[in-house]
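Two complexes follow with chain A in common, the first pairing it with chain B and the second with chain C.
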Partner chain A sequence: MFELKPMLSALWRNKVSALLIALQLALTLAIVSNATVIVKDRMEKVARPTGMDVENIIAATYMPIPTDYDMAGAVIADLDLLRRTPGVLDASVTNQIPLSGSGSAGTYFNEPNQEIGGENANYYQVDSHFIDTLGLNLIEGRNFTPTDEHVVGPNERHHSEVAVISKQFAEKLFSGESAVGRFFYAGNSDQPVEIIGVVEQHLGAWPGWSRAGNVVFYPLLVTDNHKRYLIRTEPGQRDAVFKEVEELLNNRDPQRVVQVETLSKNLERTYIGDNVMIKVLSLVMALLTFIVALGIIGLTIFWINQRTKQIGIRRALGATRANISRYFLVENSLIAGTGLVLGTAGALIINRLMVSEFSQPTLTLPLLAVCAIVLLLVSITAALMPAMRAANVSPAMATRSV
Partner chain B sequence: MIGYYISLAMRSLRGTPILSALMIAAIAVGVGASMTVLTLNYMMSQNALEHKDSVLYAVQLDSWDPNQAADTTNEIPWQLTYPDATALLRSDIPTRQVAMHRFGFTVNLDESELRPFTANTRVTTRDFFSLFDVPFEYGGTWSKEADTAAVQSVVLSKETNEKLFGGENSVGKIVKLNGEPFTVIGVLKHWNPSPKIYDLNNNPFADSEELYIPFGLHRKFGIYSWGNTNGWTSRTAEGAEGYERFLLGEHVWIQYWVELDNAEQREAYEQFLTGHIHQQKEQGRFERPLKFALSAPSEWLVLNEVLENDNRVLGWASLAFLLVCVINAVALLLAKFLRKAPEAGVRRALGASRNAIFTQHLIESSCIGVLGGLFGIVLALAGLTGIRVLAMGQADQIAAMNWEMMLAAVGLAILASILAGLYPAWRISRTNPSVYLKTQ
Partner chain C sequence: MLKMQNIRKSYRTDTIETHALRDFSLEVNEGEFVSVTGPSGSGKTTFLNIAGLLETPTGGQYLLDGQEVGNLSDSERSRLRNEKIGFIFQGFNLIPDLNLFDNIDVPLRYRGFNAKERRRRIERSLEQVGLSARAKHLPAQLSGGQQQRVAIARALAGEPRFLLADEPTGNLDSLMARQVMELLEFINEWGTTIVMVTHDPELARRAQRNIQIVDGQVSDLRQTIAQPEVAIA
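The block that comes next holds the complex of A and B.
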């Protein structure tokens, strides 16, 4: 009923054009499916929860101008000033700014004096206001109290007796057992650190790091040559406070240089590379599909023009309009089907290269099938308009000589 | 004849405006996308030290953890420890050598309205400027002794000199760094290689430093690194306390480059490095198998993977995209030429050779290529602007097209359209004129 035999012989006469369309669809499927899997992977990465109230947090870094400067005293006075500022919910001191791409990491063990098999984590030196300032969710144990806090000089050997860690890191250290009340060891040291609390999630200084989410917080203030503050504002007050912070700190003590940034900006900057991949690949996919569709429309119109007389004869011999449209649609589906089968093979080969050479994610068959079906629908839609027009050819065409 | 063919081609393009527009658009979009990505990849792979590729070497020594190799592409740490760097500096084999790292100071001037600011600083030995061909506007580098003794001299970048002294010759003036007086001894001309080949840690596309100070100041100012500091053990610098414990510790944070002008010099230096490692092994350091590397600038860029996997993926994706556009243009050209077959039949009957028909149609497809290329440049410029916006100012230097890349864009477009036109032009030149003469 699909008139396959005459259709195939007609296609054979136009084999080059048919092949070109099939080839375009094959390449398009290979590119689009591999691009989709990369875009999906990056979108998942960008959408990971940071665990913080990113939208309402400001970070300030200051460096004193004189070399002999009372860092500890300045921190106490600054935090007191910041916490009393209208619009500010809480403020805290830290050695590094979350999501900034700059921070510290160490290797940790659950036994003393170990050399191998440790777990890496991003570590913070903070105060008892830190968890509330970031809006971290403490799911087990307790927060730091002011009595846990210690001040140590630069390059002084230091050790904290207590720490709060992230849930992900707790699971790595104690494989799923409750971590609160247990101990861990930094590097090959024999001094135990007690875990007093666990927070649900925190991406740390480098969200792109392979171990992002492994985090340790110590209640320490190291008085080195710069310090950073995190300031959480009431919702909607961030930009107003942002403008004031530098002035506020400089007015209290002008003997320093203050730099202010927002965590939202840091978060955006963190994912620049991923955003470029998502946007560029999405654009390539959209343009590719569009160009292939235009090509199909152009070529179908051309074929129909070439076969006007043949269509007229068929109509004169009793073929209905539906018969004519169906003929061109089925013909197009045959070409598209061939192209997509070729494209499936191509997609899988290219994905293997992508995984081995460029460490990109693996293409799954369901995703490939979805891409193929979408492209098939696009090609049928593209052929639909010219096919409907073909049905309008009058049977009288049969009697004319071109 | 070519002029005539070009005018024929333009007339033919105007005859089928929609089809022609489709083909030009296909080539333009394909060329625009690939030139956007290829420009980016090309600019990211620039080697500012290409002219010194046979004499400059980045030095790496494997001082890492006996239980685990360093996490780099050649399994040797990118940087050296301070004790190794100072030991290497004592060698007189290299023509020039540089030990250096990034740091930061607060900067202010006495009796000035200028607000204090922090400045990215390079702490380096004196050969930095001549080794990397950094041009001076005023003054020059510091004396040899400043590489080991605490001499408070500073070289300013052109931009810093403009900020502090309005661009005038400031040699001999005093600048306060972290509140301490430093004498300006040199001012650079504009110098900002991208990628920042001399220090690829952190961001290879960051700007060059604003200040340069001698390597002999570490102890006086307690200088540490504003770049990467990586360690593998906490049993380090036994017996030392405070800053000495950091300075003499087993962590890497110093970048090291040497200039070796010929093979003998290089061989001698390799022997020197081997000797140094053996000597350290006797003292219980360098527990891994003896390994070091001397990499030329071009090798250094590859080792550091400045062009990331993502950039390569985008490069291939854009070329595949161009290929689809070319296939698309083949199909459309074939349709267009076959429709004009009667015209070609008449020309053949009037005596035109097959070659003439072939050339004429190939020229027509090249015209599509030229137009597609010109639109492609516009699209690529728009694409690069898009990338600059997405990169939030971090790609301003690399997402930019020069004249060579624009010419390359048109060349690519013409190549693509000629490739697209080959088969359709051949096909039409083979048509049998008698078929068309009969029906007319």
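The block that comes next holds the complex of A and C.
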């Protein structure tokens, strides 16, 4: 009923225009599917959980003006003031601001005195309020207590006996076994650090880092030349508190420079490039698909106009309106099918290049299949309107025109 | 076989309304070979199109094979065209992209025959018109007379009860025209009813009956037979 054989031989006699449309579809599939992989990858990256209550956290950085500043004393007084401020749930001191793009990292081993191998992780120096301030989810072990905290000078050798680490890092160090109560070693040191707790997830200072999510927290306060506070507010209170923080800190002690930011802003800045990439590629895909749809509409209309006489003859010989519409839809699907088969090959070749030259993610077959099906549906939809119109050609066309 | 009563057909364009057929009544019996003549624009093709269910009349009654066809749906009309009616056109109307075999195959596919049955019918009808050896040729590779014979083969393959031809020899020289005419007479002898529009008075006389259409109506038959030259003026 589908007249495949004669349809193919008729197509063969018009192969140039058919092939052009097929190639256009092939190219579209090759580009769209590769763009989809990248968009999907970026969207997954942007959608990763940060592990924190990002919306309600403010970060304040300050630098004292005097050189002989009592940093430890200031931290105690500032945190006390902040925690008593209305709208504030908790506050904590830290050496780095999450999602800020600047922080510290080290290499860690599960044996002492190692030189090679090891796992890199982002490390924090914090106090016992830190985990609650960020809203991190402690899934194993215990939180820091004030007795875990130590204050060390900027030039002292500092070493913590305990640490809380992220689950991702725990899995890297102990390959799936429980990490609580076990030890690790920083660098080639022989001093063990006991893991007392594990948090579910924390992206750390650099979400774009290949090891993002490997995190170590030490209960340490290093009295160097600047300090940072993280302040978690009650839901909805962030902006109100944000306006006050700088003034509060300056009023308590004017001898310093304070700078305030929100974690939401940091998160937004972190993914700005990814979001631009997602938008641009999506636009390109939409445009290409639109252009290919226009091409198919144009070609189908052109062919139908060229064949009005033939349509009339077919109608006179007994074709129903449905037969005529179906003829053009099947013909269109054959062209689209050819294009998509070529496009599948093209997509895989381009993706191999993208993987090897630009370290982009691999195009999986299911994703490629989804793109091909979407384009097939687009092409059928594009051909639908002209194909329906073709059915309106009168059978009298067979006798009326020469 | 065919019975038309008071058939009217008018075409309306933006500015004018043309009455192509007016109070047109005609009866054609089973097995007849009727030729239709008349001046250009008199309504011959319009009559043939209505008879062949290619167009619907504006008014009047049309019984085909005893069946009232006025209220049939488009797909029922398509099926009737496919099964009962064969068409032969002045311009041959073969599909240029398809070879002879596939051209004859077109109506048989719409009929739903299986591949074996279609092949049998195609080969037989090609043989009847003497073009078996050319099955794989394209229409453009044949002479006009040969193309018209393929068109006849296409009409024959469906074994229609009713064959309609609109100036089937109009594009052919007299030798080829005579060959086509002989083929039609042969088909008619086997029982197919034929209505043929022609401008050729000699061919018109060879039919069993000649009707003349003037100004959208069947004119007086005796007059037509007495003065054939007037008919083609």
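By our rule, the second predicted complex is superposed on the first by the 394 of 402 C-alpha atoms of A that agree within 3 Å, B and C clash if a C-alpha of one lies under 4 Å from a C-alpha of the other, contacts with A are read in each partner's own complex, and residues count from 1 in each chain.
Following the convention adopted for this analysis, contacts are C-beta pairs under 8 Å (C-beta built on N, C-alpha and C of every residue); 3 or more make two chains touch, one makes a residue touch a chain.
Nothing here was measured: the structure is a model prediction, and the numbers come from that model.
Visitor: After the superposition on A, what does A:394 contact: first (chain B), second (chain C), both or neither?
Guide: second
Visitor: Touching A:10, do we find chain B (first), chain C (second), both, or neither?
Guide: The second partner, chain C, only.
Visitor: Should A:313 be classified as contacting the first partner (chain B), the second (chain C), both, or neither?
Guide: second
Visitor: Going by the contact rule set out at the top, does A:321 touch chain B (first), chain C (second), both, or neither?
Guide: A:321 contacts chain C only, not chain B.
Visitor: Contacts for A:63 in the overlay, against chain B (first) and chain C (second): which applies, first, second, both or neither?
Guide: Touch status of A:63: first partner only.
Visitor: Just to be sure I read the superposition right, which of the two partners does A:27 touch: chain B = first, chain C = second, or both, or neither?
Guide: A:27 contacts chain B only, not chain C.
Visitor: After superposition on the shared chain, which partner residues are touched by A:358: those of chain B (first), chain C (second), both, or neither?
Guide: Once the two structures are laid over each other on A, A:358 reaches chain B alone.
Visitor: More residues of chain A are touched by which partner: chain B or chain C?
Guide: On the superposition, B touches more of the residues of chain A.
Visitor: Name the contact category of A:175: first (chain B only), second (chain C only), both, or neither.
Guide: Neither: A:175 stays clear of chain B and chain C.
Visitor: From the superposed pair, tell me which chain A residues show up as contacts to chain B and also as contacts to chain C.
Guide: Residues common to the chain A contacts of chain C and of chain B are 402, listed in rising order.
Visitor: Can you check the complex and tell me which residues of chain A touch chain B?
Guide: Contacts found on chain A: 16-17, 20-21, 23-24, 27-28, 30-31, 34-35, 38, 63-67, 115-116, 154-157, 186-189, 225, 256-257, 259, 268-269, 272-273, 275-277, 279-281, 283-284, 287-288, 291-292, 294-295, 298-299, 302, 305-306, 354, 357-360, 402.
Visitor: So in the complex, which bits of chain C are touching chain A?
Guide: Within the complex, chain C contacts chain A at residues 45, 48-49, 52-55, 74-75, 78-79, 81-83, 87, 89-91, 93, 95-99, 102, 105-107, 109-112, 154, 158, 166.
Visitor: Once bound in the complex, which stretches of chain A touch chain C?
Guide: Residue list for chain A touching chain C: 1, 3, 5-6, 9-10, 13-14, 309-310, 313-323, 394-396, 398-400, 402.
Visitor: Provide the residue numbers of chain B that touch chain A in the complex, in ascending order.
Guide: Within the complex, chain B contacts chain A at residues 19, 22, 26, 29, 33, 36-37, 67-68, 104, 106, 108, 116-118, 176, 178-180, 221-222, 233-235, 241-243, 245-246, 308-310, 312-314, 317-318, 320-321, 323-325, 327-328, 330-332, 334-335, 338-339, 386-387, 390-392, 394, 423, 427, 439.
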